[in-house]
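Read from first to last, the chains carry the letters A, B and C; within each, the first residue is number 1.
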């Protein structure tokens, strides 16, 4: 089965580390300057989606599995985090952990069901599972249905940092997201990550080499779901609202779009893709439903002619690893 | 009026009838998907949007050209199928040889475009499409009230479904199609224009979606999101039935519609999710689906 | 060279003087920005949407900002019936666009979310479109005024009238979100208080297109009245599809708990005739409302204004008067306090008052939809059946549970 992302693999690792470090430096510098130039809430939103997209990319870019229902983990984590903060009066740190744990549990269950199939079947199953949980969210008392869960105001992080201060909240989000990105980087470049890439290239051969590929795929799936859940919980804390939008299939589609636009199988691709799409939606918001059309056009264009994505093309052009 | 399991017969048969109608649409749509997947190995995510286009085309034909339901039944599938042919010829063909997932992504993007355009002009509201005069009203059968149009929907979709099955499984053209799926190169060697066959097949599948749309117009409101609401359920139906099988798609569609209707009577809160729950059970027990031939 | 430098300096000086002059003149003006946050594309678009924006514009026109040394801008956005989108737009409007007051917001779920953002940012929220009575109840806020109507008023208007005329068994078809549940809750209380019974209810997703299975359940219950705890497109669909299934032929009646004139126009008098409904404004009530409607129709030809659109006009007018009195729009709570102090007076709702809990008081009217034969001209849709005086139309403050009102 041909791999979905045509990225340079093992032999470029040493040069890769340097180019990736440079890119990381640029990202950190940008994030340090951003809140003084851009609307901080916008940057925080983009960061949450960047983490979401990176989590998604873990599966598609490095294992070759297209999860078309990733909103399930993102949305339900945000619901549980908001619910914990509201009904159990949990402070933000604990609420986020509860949300992430929820996503992990959902990831295990969904993974056990979906891993049995590959390729298109896998995508359709993940989509159907996510839709089922959307319909559950629509009616459940816990989620507030159409109204969502509303948090009155932000609380103190660890009892010390007042998150109502926009800059404090921003710093918190940046730290969490960067830490998670670093974690993803370490996962990809570990022996575990190498096995994942081997499975993506040729699963039969990996099996014949003695790896229980199903187990590896499941672990990757759960990691991806958990990190998506972390992104969702964070978003709930930033906006103090968890709603149906976060579990809807269009959210699943959006994260695919962000990763596709940014570059499948690159570390920074999803980050760039997330910023790009969030900015585009912000800019085009007055134009109503054209946003949907433009998203579709970008999808089609990317699939036909721009499969490497922004960062992928950049990496290809500069012949580095990003 | 009698009672079954404590539920009055009127309620039971009424919901069963509604379930059978939903099942007709599930069957028609999953049939189209199965035909397309069989030939092109592409999951046509645009199917829902094409169903919606069918309903809207019927609505527009009536609004602006005064063309009514019966003519629309013939014209609309041809029009919508034609758009399908254009999509296949100019977009999908470029993805030959690539991972099949790209096909899913492309058709997903197309679905967004189509729904977005319609949403822009019609909002998220439904437009009314009047029922054809010949089919208004209904018959009181004693144990339930049967609206004429809904009876027609069931009968006509059964005809279309079994007609398609017959054409594919029992005619020569169908055999060319099935052979071309198995071994395109060999079939080409026999002088059959395989790419054209593929394009026409996609057009036919899309036309089926458009036909379902016309049939839906009088009973479900014609709204831009009617496609996306139904397509994911149809995916679940297809996964349950097994992707490769035409008969599997038809039978599973009708059966699941009935199951959904029964659930509405006995356990209403679960009615929207029951099909997905069944999908999970089937996947755990028989991963290739009930009638599937394995992947 | 020297001459041209002199000329250049003089020119620059003059330009600076003119510039400073105009800036100084504009700095005198109090800047006010209003945001109409509404449903532009979905089931509430006709009853609110662009018509609400048109109403706000008329209010600004009639107020005549320059005569008060003010400059008023109006922007608008579509919340798409999603609380997160509505809250985000509100937050962004306050943070980056200097919006001072948000108007309309149909969809009670969105209104509840926006209510919290407005409270946090100390701006003003003038709710006309949303109905949930909790906005002057447990969720009341010193920054919010609930203007046109609410679920309690609807329940006590339509609900009570229907029970009193013999509709004593009810089955609810409820839109599954804040508004539907509140309306069902408030109407159930009225039905029970007047000796009726509720036989059952079913929750339906918002903006549902196919009501057949829910109507079937309603038919099954054999309740005399099928209470429609929904609005806009949902109500239209329920009634239309009910006709297909022979609901009214079978002896059951629909109670449209929230029906706007836009819905009646969409249904047509043939289908809607006989429906009893409660509104606080009717375009054809008197000369003042007729004159205003004519002006409004310039922006919305062929349509008739609903009470929520009229409410946007009335609320905007009163808000601008309060800002003029205070000479500033910056402190939301202060402006709302001023609005509560001043009695209201406008051509659409007449004289009224804003209570301490944020509830605007005015009379409510029980209407019945005319039959096609009784209607003499387009828009001639209602017969006035009863007038509920202002002090009876809305929930008494003592029953509010509003933290603002100290008992």
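The working rule: contacts are C-beta pairs under 8 Å (C-beta built on N, C-alpha and C of every residue); 3 or more make two chains touch, one makes a residue touch a chain.
Everything quoted here is computed from the prediction, not taken from an experiment.
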(request) Report back the single chain whose CA centre is most distant from the CA centre of chain B. (result) C
(message) With contacts counted as defined, which of the two, A-C or A-B, has more C-beta pairs across the interface?
(response) A-B
(request) Could you give the separation in Å between the centres of chain A and chain C, each centre being the mean of its C-alpha atoms? (result) 39
(message) How many angstrom lie between the centres of chain A and chain B, each centre taken as the mean Cα position?
(response) 32
(request) Check each residue of chain C and list the ones that touch at least two other chains. (result) 40-41
(request) Provide the list of chain B residues touching at least two other chains, using ranges where the numbers run on. (result) 119
(message) Among all residues of chain A, which ones touch two or more of the remaining chains?
(response) 138-139, 288-289
(request) Note which residues of chain A are touching chain C in the complex, please. (result) 39, 41, 138-139, 145-148, 150, 152-153, 239-241, 243-246, 285-286, 288-289
(message) Which stretch or stretches of chain C touch chain B in the complex?
(response) 40-43, 45, 80, 202, 207, 209-210, 212-213, 216-217, 219-220, 233, 237, 240, 244-246
(message) For a test of understanding, state which residues of chain A touch chain B in their complex under the given definition.
(response) 1-4, 66, 68, 113, 116-121, 123-125, 127-129, 131-132, 135-136, 138-139, 249, 253, 256, 260, 288-300, 303-304, 307
(request) Give every residue of chain B touching chain A within the complex, in rising order. (result) 43, 91, 94-95, 98-102, 104-106, 108-117, 119-120, 228, 232-233, 235-236, 238-239, 243, 269, 272-273, 276-277, 279-280, 283-284, 287, 295
(request) Write out the stretch or stretches of chain C touching chain A in their complex. (result) 40-41, 77-78, 81-85, 87-89, 91-92, 95-96, 108-109, 112-113, 116, 120, 176-178, 203, 205-206
